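Shown below is the structure under consideration.
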Amino acid sequence: MQATIIEAINDALHEEMATDDRTLVFGQDVAESGGVFRATEGLQETFGGDRVLDTPLSEIAIVGAAIGLATYGYRPVAEIQFSGFLPPAFDQLVTNASRIRWRTRGELTAPMTVRTPYGAGVRALEHHSESLEAVYSHIPGLKVAVPSTPHDAKGMLISAIRDPDPVLFMEPKHVYRSFREEVPDGTYTEPLGEAAVRREGEDVTVIAWGAMMHKTREAVDNLDGIDVELIDLRSISPLDRETVVRSVKKTGRCVVVHEAPKSGGFAGELIATINDEALMFLEAPVERVTGFDVPVPLLAMEDFYIPQPPRIEEAITETVNY
Amino acid sequence: MQATIIEAINDALHEEMATDDRTLVFGQDVAESGGVFRATEGLQETFGGDRVLDTPLSEIAIVGAAIGLATYGYRPVAEIQFSGFLPPAFDQLVTNASRIRWRTRGELTAPMTVRTPYGAGVRALEHHSESLEAVYSHIPGLKVAVPSTPHDAKGMLISAIRDPDPVLFMEPKHVYRSFREEVPDGTYTEPLGEAAVRREGEDVTVIAWGAMMHKTREAVDNLDGIDVELIDLRSISPLDRETVVRSVKKTGRCVVVHEAPKSGGFAGELIATINDEALMFLEAPVERVTGFDVPVPLLAMEDFYIPQPPRIEEAITETVNY
Amino acid sequence: MNEDPRPAPARPISADAETVSQDDVDVDTYRILEPDGSYDAERLPDLDDETFRELYRWMVLQRVFDNRATKLQRRGKLGTYASGRGQEASIIGSAFALSDQDRIFPYGREAGTLLIHGLSMRDLLLYWRGLEDASRMDGANSFGVAISIGSHVPVVTGTAWGMKLDDADSVAFANLGDGATSTGAFHEGINFAGVLDAPAVFFTQNNQYAISLPFEEQTAADTVAQKALGYGIDGIRVDGNDVLAVYNAVLTARENAMDGTPTLVEAVTYRRAAHTTSDDPSRYRERSEVEEWEKQDPLERYREFLQSEGLFEAIDEEAVREEIDEMFDDAVAAADEFAERDVREIFEHLHEEMPPELRRQLSEYEELLDERPDMYEHIEQRPKG
Amino acid sequence: MNEDPRPAPARPISADAETVSQDDVDVDTYRILEPDGSYDAERLPDLDDETFRELYRWMVLQRVFDNRATKLQRRGKLGTYASGRGQEASIIGSAFALSDQDRIFPYGREAGTLLIHGLSMRDLLLYWRGLEDASRMDGANSFGVAISIGSHVPVVTGTAWGMKLDDADSVAFANLGDGATSTGAFHEGINFAGVLDAPAVFFTQNNQYAISLPFEEQTAADTVAQKALGYGIDGIRVDGNDVLAVYNAVLTARENAMDGTPTLVEAVTYRRAAHTTSDDPSRYRERSEVEEWEKQDPLERYREFLQSEGLFEAIDEEAVREEIDEMFDDAVAAADEFAERDVREIFEHLHEEMPPELRRQLSEYEELLDERPDMYEHIEQRPKG
């Protein structure tokens, strides 16, 4: 079928709910109303109120209950309505979700998924536009996935739900509906922990993920005469170091694009990885095209904040001409 | 006077409480009992129960109330008993403390300090040994300081309290009492945002902060024939890029030591900075000596986790011999 | 030691420990104006005639503002908007009970509260247009809007604590929704306020929904007010569609608070509009339910009272509405004239002194914007609606 | 519109909104055994004589274990230890009310609970020696200890929810302290449990302190039990030094919970020991206060009951203590024999499958440990005491 990202996610949830009756979906406004972005539309009708449930406005309890269910044998898929509202539950991720397997030496495990739309560009209110993947990537035991296409959104979400360990599934809400592509019917998985090379090239490696993949692709398409290798990172943690390193060894140049503020952003880990394993192949500094070290502006100014294609183009050109 | 870090902190609090009567100190067990590490000992006796207060077991409320007080004109110095218990208040840091000046365009400001002991090595229970400075460094608007000496602890804490914006002050509890040094009486400040070069050298730049400074110094002292430039980072945010870059341009080699897990750790930002501004000076990859990508083990095994001098020595030697 | 000494409680052993439950406590709903038009004269607040009328005019203003703003949004000239329709008595009644010294912590729906307390209508519109500059809250003694639900509650406690230390004649006043009562921040903030005897008023507009979730599914507690008992503070449950009752309730709460008892007020009302302009309430509630509440319209109820008291004659409702419409038009015009923002604005006001790295980011960006004017093809300085 | 329509509430306008407060609710403390030795025969649980005696033996075990563990710590052979001294009735009484199917969420002081429910004494000692391997909770149906106070409460709710979905004959049982009731996690977890009608028992040992902070300063609420009202669930306040009352209270709570009413139990007791072996309580409380509570010793109170019932004769207390001491000695010996841990242990069990980067970190580290045997000068695999 042809599907947008949001449709693909909805489809993945339907598939997994049908496949494994220990899969549960809950969160704010996910059941009765089908989710503020309609990601969970139709689930309650199909699978009933026991398995698809609206929760109170309690992010701690949403994530905490997911842990309690998962360690008891269920496969919870919790939604946090916007990733800007995940910080209240940060402690549950750090203190319990990511380490219950560790703490109990494998006796209890937390096969749970926390889905949350992230990123700027939808003209929403404050706290609706954050991208804190770098923060979550630093929690050992927590996987962090960010799909950028409908195909991956479905396949990776199914992988996340089936994963034996907790996965934070960050959804690029800016491109939830911006395009359709062919998405296989039925069940399939896309692996977590593997980047995808979207375009092979010789001149420069460009790495992005989530919504930034699309800004980056636009930039790449605008660049004549530069043979870009474009990597969709897809997994922030675990990081597919191999694909990144292999590519940079080939091209000798690299640009990383992300929405989050520059300082402390995930580009740092990528650059450190390149430094570790491909430093001597670098012909130019790795460029970062990122959000600025400020909160995401309110809607009137947010476009200034988001890395736009011309910025990305400049960085690529500069890197190639370095 | 000769003072340990904990004594220097206590002294700084006494000084600032005496200097500015809008300074308040609160947190769990800080008043009546003087703090589990005795950082706040004697404050309540001297400054009274109105200004030095025990709070309930409510990290959200501790940080939240500090914001409310600071925006109302007070200078709160809140203690979070162990940095492993700061995650419940993460949202208050992200959502309110770091951005109230931004949100109100400077009308309201949050001149507040959150003190918290961080790091492993004191044989405590789970969640008592974390080092999440990289996480906090990624929040625009929040300063993050980590002193490593009594002199800095006092001077930087006074700076933090006087800072017009929120400062997270992470104290290396592992070395709270491990040594004394001369600490000036009375009031003085050490700037935030400035690293200190602890030892000049030509062969390799070694960067550490907090408790790791001491492990690192031990390693450096063990290394014969390597002329190390040793940088105590002191401020994680804002980062003193200049000092780092200047040093690496000189030495062409660098090792970063931190306690936190490697992936997503703050070494990434340092390496990215070096990549930005000194890549072509690098004669070897920057080495990271860090905690592993696991939670800090419980007390029986924690020494395995902490970067010990021989590990640091190896990394320095390898980098120099690269 | 017996290896397995426990009796199997699965075979029920009769146990009789007494429980305490919400049935053990009566929570009355305070009301002055009955839906049938009668009222409790004893309870009438001691206001002069003009103030009685002003209350009405401000309720009309809230209604008109909400309508106009919603329309503006539909025309793509405002961002997402959250209407207070149905909650006018709660919004205006509470606002009237506060003094200029009180610090307000808004949660979004209370246009009238902010306007009464000094914010200009232009700035309020600019806020909903997503302009940082408007959150300055110029003229009002107000914190920024707590978009992260419940996140302001502990901050309110801190400010109230400061007021107590200063012996100030004021309170910190939180506006919040029923949804916020499910958050950890609510709990920690109010519990701490109780310990501190802080002069804080936690004013909960229980409009029966947190987006699609009805109050009954947010908590098994029958009321918000009873949550006060868990904190050892006072609770007041008030008819949130009765502006005079709300006024008295918040005055009472305010006095209590200044006397050292923080108070949790629950104004029982109803959100008649969609959650925001992005929401479609037909997905989760029946139109008939809304209609039931329309019959309890707070403006009508209060108008009846004014009429029965002979106070309404001096109000020319038509003229009032026209005046408000004009204010709104002027505000939109002023908002439209508000200069395009300079990119510097998003770099400023985060730190008292901009750190070097941020300065560099700004100057590099300014250069880029110069060199690549096509950047502006990607930058729209307006709501998309 | 009047520019400043508000009356100045500083001139107090009399307002009379009724408040609800904790004075409106009576929270009785359930008790069976009076401190004076009398008891309420009606309330006695229906246990056989041997079980009555087992209750006593386990209380002794808790007491002895705490003493011995504290001493072991003083000798540098255990990490920080948190004693349950004074809370034996709460710890043992609650443990006896639970079935094997119930999942326990411990908070640290309840040695007896874990031992009753199948953990070996060796493993419990290893836990306090900081060995990950012990947190496996071998033999017990238990979650890991919630060292982050309150953090387990929403997890308990989730597990109870799962039990409800499974129609299981069990509850999720949280042990927590009074301190935990101030956390946001407590609030969100219990409120959600109320909404879910989840079979959860939240058992609060109100031992009057959160480290140095007395209960009165943790909350303005008079009791923990009344906090149930804010969640629409049931509360039970029980004398936590009366083992039979605690047993009945938890049985009641458990039955309620399985019938769909989660229950918050407050066991009123006292922490007679230091908070942990790192704490010095003389900094914040008077010895006389401790002595007052020593008079209410839970073991003595229960012994008197057993004596008056003629049940005590069959107990040779000396022998019981000796037996426990021996068990403890054996457990220490077994713990001492527990092999030195291999470094792999800290890399394992975080992921089902170790990610490549972590595998690399491990193998590099193993190499380093080989090459630099002086690493072991920095690595001590034991508590420092």
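A, B, C and D label the chains in the order they appear, each numbered from 1.
To be clear about the criterion, contacts are C-beta pairs under 8 Å (C-beta built on N, C-alpha and C of every residue); 3 or more make two chains touch, one makes a residue touch a chain.
Keep in mind that what you see is a predicted model, and the values were worked out from it rather than measured.
*Asks:* Please name the chain that ends up farthest from chain A once chain centres are defined by their CA atoms averaged.
*Replies:* D
*Asks:* Measure off the straight-line distance from the CA centroid of chain B to the CA centroid of chain C, and report it in whole Å.
*Replies:* It comes to 38 Å between the two C-alpha centres.
*Asks:* Could you grab the centroid distance between chain A and chain B? Build each centroid from C-alpha atoms only and quote it in angstrom.
*Replies:* The separation of the two C-alpha centroids amounts to 30 Å.
*Asks:* Can you pull out the residues of chain A that are in contact with at least two other chains?
*Replies:* 55-56, 58-61, 84, 88, 91, 95, 99, 102-103, 126-127, 140-141, 239, 263, 292-295
*Asks:* Among the residues of chain C, pick out those that touch two or more other chains and give their numbers.
*Replies:* 132, 135, 144, 148, 151, 182-185, 188, 191-192, 195, 217-219, 350, 355, 357
*Asks:* Which of line, ring, star, complete or other matches the graph of chains that touch?
*Replies:* It is complete, because no pair of chains fails to touch.
*Asks:* Enumerate the contact residues on chain A facing chain C in the complex.
*Replies:* 28-29, 32-34, 36, 54-61, 84-85, 88, 123-128, 262-263, 292-295, 297-306, 308-311, 313-314
*Asks:* Okay, in this complex, where on chain B does chain C touch?
*Replies:* On the chain B side, the touching residues are 24, 50, 55-56, 58-61, 63-74, 76, 88, 91-92, 95-96, 99-109, 140-141, 164-165, 193, 238-239, 241-242.
*Asks:* Going by the contact rule set out above, which residues of chain C touch chain B in the complex?
*Replies:* Residue positions touching the partner: 103, 132-133, 135-138, 143-144, 148, 151-163, 165, 172, 184-185, 188-189, 191-192, 195, 348-352, 355-357.
*Asks:* Using the touch rule from the top, collect the residues of chain A that touch chain B in their complex.
*Replies:* Per the touch definition, chain A meets chain B at residues 84, 87-88, 90-91, 94-95, 98-99, 102-103, 126-127, 132, 134-135, 137-138, 140-141, 237, 239, 260-261, 263-269, 271-272, 274-277, 279-280, 282, 284-286, 288, 292-295.
*Asks:* Help me check something: in the complex, which residues belonging to chain D touch chain B?
*Replies:* 79-80, 129-132, 135, 144-145, 147-151, 179-180, 182-185, 210-213, 217-219, 278-280, 283-284, 341, 343, 345-347, 350, 355, 357-358, 361-362, 365, 368, 371-372, 374-375, 378-384
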